Amino acid sequence: MELDLAIRGGTVVTASDTFHCDVGIRGERIVVLGENLRAQREIDASGLLVLPGGIDSHVHIAQPSGPGVVMADDFASATASAAAGGNTTVLPFALQQRGTSLRACVEDYRRKADGECYVDTAFHLIVSDPTPEVLGQELPALLKDGYTSFKVFMTYDDLVLKDRELLDVFEVARRERALVMVHAEGYDAIRYMTERLEREGRTAPYYHAVSRPEIVEREATHRAISHAELVDVPIMIVHVSGREAMEQIRWAQSRGLKVYAETCPQYITLTAEDLQGPDMDMSGAKYVCSPPPRDEESQAAIWEGLRTGVFQTFSSDHCPFRYDSPAGKLHPNGKTSFRWVPNGIPGVETRLPILFSEGVSKGRISLNRFVELTATNHAKIYGLYPRKGSIGIGFDADIVLWDPNRREVIRQEILHHGADYTPWEGFEVTGWPVTTLLRGQIVADGGRIVGAKGAGRILARNVSAYAASIGT
Amino acid sequence: MELDLAIRGGTVVTASDTFHCDVGIRGERIVVLGENLRAQREIDASGLLVLPGGIDSHVHIAQPSGPGVVMADDFASATASAAAGGNTTVLPFALQQRGTSLRACVEDYRRKADGECYVDTAFHLIVSDPTPEVLGQELPALLKDGYTSFKVFMTYDDLVLKDRELLDVFEVARRERALVMVHAEGYDAIRYMTERLEREGRTAPYYHAVSRPEIVEREATHRAISHAELVDVPIMIVHVSGREAMEQIRWAQSRGLKVYAETCPQYITLTAEDLQGPDMDMSGAKYVCSPPPRDEESQAAIWEGLRTGVFQTFSSDHCPFRYDSPAGKLHPNGKTSFRWVPNGIPGVETRLPILFSEGVSKGRISLNRFVELTATNHAKIYGLYPRKGSIGIGFDADIVLWDPNRREVIRQEILHHGADYTPWEGFEVTGWPVTTLLRGQIVADGGRIVGAKGAGRILARNVSAYAASIGT
Amino acid sequence: MELDLAIRGGTVVTASDTFHCDVGIRGERIVVLGENLRAQREIDASGLLVLPGGIDSHVHIAQPSGPGVVMADDFASATASAAAGGNTTVLPFALQQRGTSLRACVEDYRRKADGECYVDTAFHLIVSDPTPEVLGQELPALLKDGYTSFKVFMTYDDLVLKDRELLDVFEVARRERALVMVHAEGYDAIRYMTERLEREGRTAPYYHAVSRPEIVEREATHRAISHAELVDVPIMIVHVSGREAMEQIRWAQSRGLKVYAETCPQYITLTAEDLQGPDMDMSGAKYVCSPPPRDEESQAAIWEGLRTGVFQTFSSDHCPFRYDSPAGKLHPNGKTSFRWVPNGIPGVETRLPILFSEGVSKGRISLNRFVELTATNHAKIYGLYPRKGSIGIGFDADIVLWDPNRREVIRQEILHHGADYTPWEGFEVTGWPVTTLLRGQIVADGGRIVGAKGAGRILARNVSAYAASIGT
Amino acid sequence: MELDLAIRGGTVVTASDTFHCDVGIRGERIVVLGENLRAQREIDASGLLVLPGGIDSHVHIAQPSGPGVVMADDFASATASAAAGGNTTVLPFALQQRGTSLRACVEDYRRKADGECYVDTAFHLIVSDPTPEVLGQELPALLKDGYTSFKVFMTYDDLVLKDRELLDVFEVARRERALVMVHAEGYDAIRYMTERLEREGRTAPYYHAVSRPEIVEREATHRAISHAELVDVPIMIVHVSGREAMEQIRWAQSRGLKVYAETCPQYITLTAEDLQGPDMDMSGAKYVCSPPPRDEESQAAIWEGLRTGVFQTFSSDHCPFRYDSPAGKLHPNGKTSFRWVPNGIPGVETRLPILFSEGVSKGRISLNRFVELTATNHAKIYGLYPRKGSIGIGFDADIVLWDPNRREVIRQEILHHGADYTPWEGFEVTGWPVTTLLRGQIVADGGRIVGAKGAGRILARNVSAYAASIGT
């Protein structure tokens, strides 16, 4: 058996196992794991971890974000950044704008992505306008075409679904076995808080955090869980930020409900104080995202959830804007009120180093749990398994070689995203991606992008096992 | 690379992954996973699952069980039964009898096991007499020799430790990084209940269950957790039977305490009613074990714990006695009171089929969780990993070929243990072990034992990763 | 000191105390408690309990209930029924209809009540249309006029407030120190369930209960609590029906939130099965109320809440319709779907006997807790204290003489309400009101109304102590 | 009706009600409540609250406390101090010393108390040696004689009961309807911690608190609750110090168990830091009591328990030792280790002002709850009701006139106890007892004791309603 490539001498890590062996690749797939494999091309991985490429199931790319606002990444820069950060698949969103066809939106996003991606890409849908046509025809058809998950929002002017719409959407998801991702923050409560703060003249970016306290997230989480329980459909609560929402999810899980949960780097490393900047100035806008980061007690809670299995996935919620730009964080309206500051932070490139360093290197989670949280569970939950998400025979040769001992300081200048800053400027980590391979080809190496633009494919996905009734 | 054996065409399952491939074995170890492997000897596994051999980390073999009582299995029969049931490693106990040296007890058990075993075997210790000598010298020395876990009892006349003894033992465990297994039922409460029942003339085997209600298990569980929290040492609560104790464990886990838990087949399939027999007669003695089985609500609770990760291991607590024997369940004293009925049931051979059938076939847990609960986590928790517990390069070739579709009725006549009955007589299962390989050699095949007595080794174990401070 | 009336030889009971003494009344008030009091008129209360007259803080009288539907009670019949059942004060609602002035509605209700009442009456408001004018002017003005509490609805087509409206209303309540009563059932979820059931042809009255499961009540309860926490305002969750909602309330209380709760006779004595009637026929309509009665486990939960203090008040939610009438339960539309069956049951006359019999006579709650739940707390919470709600010097002489040993069977023929049935037909009770006195005058005696129509006054109320920040 | 005494113009407060009236007394009892009462003697109470005299159901008087240690109060000084602090009844303990007859102990205490008391006194028993004779004969006989409650200890060398003894004692309590008070701290865990601290040289008084962390109290509380649940007997957990134990009690109560709870002034005002003294010196001994005070978060938890009804009583746990005395806190052994510092602090005189000021004046609890927690519930729970505990017809005229606005600074020089210090030196309070009447006679007035030594009676008590099955 001729191999095209052998990765030799490394330590293979899966979501459950860790062992030393060589990895043999033919074409795009892993075909053999063994000792002393030889191939035409060989990579010396001694001293390195051989991990499944990161899958980031929550990124926003080239999404319209309001008048005059431009997202800092297109598909080329976002996926290059992902690759440099050790990822081989990203799942961005195809956002339906109200009054438009969902199918047309999807086509539009595909067009933007086509030929641009450095890593594999698969779209979630965002349903913002669940008309009978969307629910009855477009959505079922798109699900059959491999768009097997979609996100709904309980807040944002242009996206919020009413409770009845949520229920109707859940019912379609149940029937069609789609996995629904829920952005759980309560629209009315945020509006109420925002107007109150504005009346009081409290408009600095910091008040973004005050306008969306944990109560608001907890209430929406409880509401989403209750609706899902009523309809009897599994849901994924994305970007959980702190103890209050997490307790609701844990309570639901302990009652046997199929409620899954995701958290993100910002909720274990940042706090609301970061939004204050040095002097309650606009620099706090760099940290404006939703839900906002909370406090240290919440970070501890999130770690407990990561350890005990409340959370299944750890994603970036990459949603990049330039800071020093009128089309970004310094949008002129943002100076009048936090409500106009674009919501979101870049993070696709730093997700893996942050969790590795804070989690594995500091002894909070095991190496296997790291792989599970950053790759395997994403593949399983979103219907990419067993093509993606692990190192085993037949899997795509999506691999990142990881140096567990390398110390690095996160700085904007070493990153590849389109944003002009990183919220983690100066953050020190131990553990760093050395080489990223996509289906057997090196995409990123030593901090440089060496893959071809367009080498990343746009994937159709299977129905999620998590959306079915089997135990997981 | 020459292979001694190739298992071809099966579906390999690990605690996280499932994929089709061949497994190549040289000597005693797995050396290659790949497609189209050829070897001198080949096994056709098409249509079968290729699972890591079961590890049963809680079995009792040839243990003294009171005057005139004889355990139904010696090491030969117990390990043959284990092999037939798809297991490749068992962890019995070396029980210290009060007033004796722990080291001497261990040597005694080793002698009994030596040359008798069909599968690999590693001993836990049971500390019943924590003298300064035992705590200061024998225990640390034995831990260094590879007896890295031990069990303590909160009940049973000859075994119970006082709270202070528990605390002292926990302190040694903390210092020496041993994993302590706790039998959590409260001695005084059981005595109180037993005497009350006896005074009332309620002495049939059924009252064994009444004498040890869930309160008694819950209280001891809380007490063990509190002591462990005070000393700051991880513990494993074994054979958890129902919701009450489980809620204590979940509460502890959610507070970040390192409290692990095990459950057993009896707690998902039997109930206290089974102890009633057809007519409150002695036949109920067949189901006398401690803690006793509870009710259906408790079974549902245990399933929730299995799904959500409260439990890390699923063991048999195999503890076999003959039913129709004065040295077994029908011991003459047992007719005067349930308290003299030997405690324990046989189960090492039926553990895997029961969990597979009730769990995987009925859609309650995934195949990967099955492997994790029955093999991988046992190896990780008890210091046998990465030699044992998974299918990967370098692991011992401990493998069971499993037919997921085979329907079978559990009957005494097809089992290999030394007991003269099974509590699951007539129980129908879907999924059955076809062939068991120990380090590359077939031990059991098609229900027959084909391995050599003495082929099973007595293993020393590493320190448990779970007894250390790293996240798991 | 001359007394107009002495009640002699009874046992006085307050929310905390029980002692034997005579009660001396001059004019409308209690002026002396002592031994051997003499007066012009004397009532022999030996063998009887002397209780503060019941206060029913949740009754609906002469409320518009949809096209073609007529409530079975006007103010005369409702208050006569209340008096016969041992009550001396009732708190009905003045319901704002959308598009109308709140003040005008209030005047309208007052007109209907004026000169008609047999017992004292004070109105809560129902805010269904929180326009800026209502919130900014009418509501504050009405609160100052003694309408110090109001109810809001989270369901019902004509009444439901959106979340933002709830928040705005809460903010007014906070500023003006009004107590907000919340009907917590989720509108959208009920609509969703109703339409689903109708599509499936499940339209019998029983499906009313199915359309409003506990999840729906729990979710709305959590939402109301969260909104109240955000605004920092006390709220009263009315008519709590079962464990799910109750657990949310208990959780809120244990976190220090000022969340109060009420339950009703239907939730400790009826179940959803009652809605099935003998044969899933229209007779189930007799039990249609919202939230619907649940099951026996829920009844047990409610009792725990009554014992441990989760609930502060026990009210009837009297909302009477005739059964055998096209303007009542047999409204023609109701035969096409449960959704058109008028919601509500009569209960003002049976509330006290049911709680006394099931609670006090059966040993579930103490006599003092009975008084607290049926009179004292109503007065305290709704600003009638210390004029109403207890037996002490200076209180209105609102008294019911109660025979704790009298056994009675509840039957329609002995009741005084305007409905043509009682949901408790045939229900046996121990304990019965013998004589009711309103401000020193006998209103009901031996089952007959002897008071004067119009003797009942319409009361203004003080600000609730529970709406302020003081501990309670 | 001639009155001997009229208290005029005050505001009477009971556990449920507050109203203005005069209180008329004839002989020892309250015979009339009314307006404008005249009597031979009159007290002007205008501007004052007229409260039931405080009942302190947890005080230690003249109890042996170890070799060379002498309690600072005899019955004369303790009851004088109680009277000055607004109390009219105290419940000290008659402690059985091991190897002695319980009856003889009781007689001994009675002798010491006889003719010495300024306020009424009733003894609890302490059972430290539950021999068959004690359980079978003495205890039942004493219960019949009016010693209807007793305390058991889960710690202290001379007092600790083993679990089995606890269960046996609980069974007697159940049968005889006695109320068992439980000192819940775990003996073995404390011993373990103490020895560990001593080995490390950490022997200052502060380490008393470290040796008894909340875990130890929580574990014992859970254990006591479980045993009580097993036997089905109500229990009272005394002197609960913080959140951990309280959560166990709340959990038990919410499951319908009859578990009552008491807390004390030290747990809402002191913290473990007080034991550090200015410099980790012996002055910390002034605050050594068990359980030790915790931290501010625990204080907040205790307040929540006081508000929401987890706690039924608020007692002092008065247990006075002189500080500057070799027979007290500066016992020579105490300098070698905290374990020899006598456990206990004086507090009978300061209990009411502290709770009034911190609770009522600061708006945390209502006036009625204050009365309930300090008088009424004590009488009800310990079988003194309806003779004691409220202001109503027929009650003993045990009354304290209370100035709600008087500001006072607690200082040793104004107190009447036998100790030479108060832990609350310099603590400012708003609200102070002005005059204390025992059965119609003034005992304390304006800070001076004016009653007669021996005027206090030794009371027999009824069976506790809380020890029976009725709801409370």
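Every chain is named by a letter (A, B, C and D) in the order it is written, and numbering of its residues begins at 1.
Note that in this section a residue touches a chain if its C-beta (ideal position, glycine included) is under 8 Å from a C-beta of that chain, and two chains touch if they have at least 3 such contacts.
By chain, with names taken from UniProt: A, B, C, D = D-hydantoinase.
Values in this document were obtained by computation on a predicted structure and should not be read as measured data.
Touching both chain B and chain D, which chains are there?
none
How many links in the shortest chain of touching chains run from chain B to chain C?
The distance in steps between these two chains is 2.
Indicate the whole-number Å distance between the mean C-alpha point of chain C and the mean C-alpha point of chain D.
A distance of 40 Å separates the two centres.
For chain A versus chain C, what separation do you get between their C-alpha means, in angstrom?
Those two chain centres are 51 Å apart.
Which integer distance in Å separates the CA centroid of chain A from that of chain D?
About 58 Å, centre to centre.
Please set out, as single numbers or ranges, the residues of chain B touching at least two other chains.
Correct list: empty.
Which chains touch which?
Applying the touch criterion to every chain pair yields A-B, A-C, B-D, C-D.
Within the complex, which stretch of chain B touches chain D?
Its residues touching chain D are 162-164, 166-168, 186-189, 191-193, 213, 215-216, 218-219, 222-223, 226-227, 229-230.
Flag every residue of chain D that touches chain C in the complex, lowest number first.
1, 12, 14-21, 24, 31-36, 250, 253-256, 304, 307-309, 359, 363-366, 368-369, 372, 376, 386, 390, 392-395, 465, 469-472
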